[in-house]
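The first chain written gets the first letter, and so on, giving A, B, C and D; residue counts start at 1 in each chain.
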Amino acid sequence: MTTPPGGDGSHAGQTYPHAMDVFRRMDGLEALELMKQGKTPQTNLMRWMGYTLEQVERGKVTFAMIPRDELYNLIGSVHGGIITTLLDTALGSAVQSLLPSGRAATTMDLHTRFHRPVTTATGKVFAQAQVVHAGRRTATAEAKLVDATGKVYATGTSTLLILEDKPSAQV
Amino acid sequence: MTTPPGGDGSHAGQTYPHAMDVFRRMDGLEALELMKQGKTPQTNLMRWMGYTLEQVERGKVTFAMIPRDELYNLIGSVHGGIITTLLDTALGSAVQSLLPSGRAATTMDLHTRFHRPVTTATGKVFAQAQVVHAGRRTATAEAKLVDATGKVYATGTSTLLILEDKPSAQV
Amino acid sequence: MTTPPGGDGSHAGQTYPHAMDVFRRMDGLEALELMKQGKTPQTNLMRWMGYTLEQVERGKVTFAMIPRDELYNLIGSVHGGIITTLLDTALGSAVQSLLPSGRAATTMDLHTRFHRPVTTATGKVFAQAQVVHAGRRTATAEAKLVDATGKVYATGTSTLLILEDKPSAQV
Amino acid sequence: MTTPPGGDGSHAGQTYPHAMDVFRRMDGLEALELMKQGKTPQTNLMRWMGYTLEQVERGKVTFAMIPRDELYNLIGSVHGGIITTLLDTALGSAVQSLLPSGRAATTMDLHTRFHRPVTTATGKVFAQAQVVHAGRRTATAEAKLVDATGKVYATGTSTLLILEDKPSAQV
């Protein structure tokens, strides 16, 4: 077993790399289950956007977020970059859930397609991601952003490079 | 000429659609020049990320941002979604700079490729976008994120739908 | 009902636009069902690649192809462009199957991800495409290329513009 | 120096892997210069599409092709898959031109955006590709398809995985 990666909130300054160090010592699924229970450090971005991990199994995750107008673009809907951030998080986590300890995945590319505007009237949205193919060196995942009724607002795909012991390596 | 779209900061609540209403009454390049001068309303997202419009001409814009660790992911570099948000803003603005008043562009898809991690050590980064092709109904733009020495950290492309008088229309 | 669009093979020269004229007079699903029965004109490309339409319903199609080494790249597997051609055909047809007569869809972009090499040893492959979202002006579809056991070789996504009476219009 | 990789045309059957073996023994730029001189084996696909390598330097190549109606789709313009095949060839070659002997690049993904239809009336088209970023494990290139006047018909981007001694490895 592993110790929770510093769920005490005491992680100012250069904390994020430290959090990652802990993550890298753990099996991916185990780390994500701790995250789901709120026992892992949060980044400022996570707090600001307010997303949470709802479900996780090997190769499959769901994150959720409640749209606020603070996340809006100038056109009066949630900024496409914010939607992409949520999808990216889900896509990367779906791949991470398959990795043993000592391995990390880094996003090589991220492609989002927008189908409908997301607004505060949309209510809670869910980013559902699953792995399409995982090889030794790369993995591909796909995700969709849906509301509580299953209506699709955006879809995304991503290919990640799987790294061994080189967290911030240049691809 | 047009009046600045409420540069007084008094734009709480459902302000953003209002800001857009003003934008839509203006020529795209003119609106962006006001934005460059800081005379347009800012969204919370713009303030939080802290990006600014540095240069604008017809079909070509540059935004800048100073990386902070508040924008980090768990791996200790700026979250890919934040980089995408900056590129998206630049790509959309490059297209908007070509549009006459009464027309708006909405992002259909956004594809980002990540080449190197962006950290606080990177210093100020610049999202340079230009239009590749503009038709009557759609336009495509490309962008790159570089540092002060011109080193490339990410590249992105986007296709936008050009709308007449239907700001939040479903595509 | 409609007459089959010239299934007699007599379609040299500028035939293809003519074939399209016929297609445009038909409901999309109806036209694809004729194609499945081999009653529509074939392009040279279709004959050379040797793909066939296996299944079609509203919003969902499957094409099949048997890999031959004539379709190889220099590395000894089917050229990525050929795989993309097959996925593109499936993606476009999935959208077309939703359109009433008088409307056509034109591909705006096409994104293919390659997971494994396809060779003559792979045996028959299937390009399965389905529509993810269809709006008034655009539609998005996703596809995967699988073998007889369901193993995934490539995945693709595409957004198409929906045109009324303007077949070769510039987007 | 290296011997030309079998420019005698005697490469039926499982020749293509053999051609690749030769390619892999050569510096990438050197191999492409032989291809430009017509001294490398051609695949059936190259012959059928009729494209040629016009220019090559480190990180930058231009291929050319004359559109024929044999390459048409049902709408009466060159099939998007064919345009993608040409761009893919250029993108891959741009990366290959940077590689020393013993290394090969394999396409991970390919994203094409279509701006205008290509027809026989377009005349000779040129696929110009250049490398955007080359790391140790991956490289990204961008390309555009233009006519003799520089008008842009399509653009594409691709990320390739760089392999050592594992030509048909599963990514």
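The definition used in the following text is that a residue touches a chain if its C-beta (ideal position, glycine included) is under 8 Å from a C-beta of that chain, and two chains touch if they have at least 3 such contacts.
Only a predicted model underlies this, so the values are computations on that prediction, with no experimental measurement involved.
Engineer: In contact with subunit A and with subunit B at once: which chains are those? Just list them.
Structural biologist: Touching subunit A as well as subunit B, we find C, D.
Engineer: Per the definition at the top, count C-beta pairs in contact and tell me whether B-C or C-D has more.
Structural biologist: C-D
Engineer: Roughly how far is subunit B from subunit D, going centre to centre by Cα mean, in whole Å?
Structural biologist: Computed from C-alpha means, the inter-chain centre distance equals 34 Å.
Engineer: Centre to centre, by mean C-alpha position, how many angstrom separate subunit B and subunit C?
Structural biologist: 35
Engineer: Whole-Å distance, subunit C centre to subunit D centre, using C-alpha means?
Structural biologist: The answer is 23 Å.
Engineer: Multi-chain contacts in subunit D: which residues touch at least two other chains?
Structural biologist: Counting only residues that touch two or more other chains, subunit D contributes 108-109, 111, 113, 115-116, 135, 159, 170-171.
Engineer: Within their complex, state which residues of subunit A touch subunit B.
Structural biologist: It is residues 13-14, 16-17, 19-20, 23, 41, 43-45, 48, 69-77, 79-82, 84-86, 88-89, 104, 106-117, 119, 167-168, 170-171 of subunit A that touch subunit B.
Engineer: Considering the complex alone, what residue numbers of subunit C touch subunit A?
Structural biologist: Where subunit C meets subunit A, its residues are 111, 113, 115-116, 132-133, 135, 140, 142, 144, 152, 155, 157, 159.
Engineer: For the complex, give me every residue of subunit C touching subunit B.
Structural biologist: Touching subunit B: residues 108-109, 111, 135-138, 159, 161, 170-171 of subunit C.
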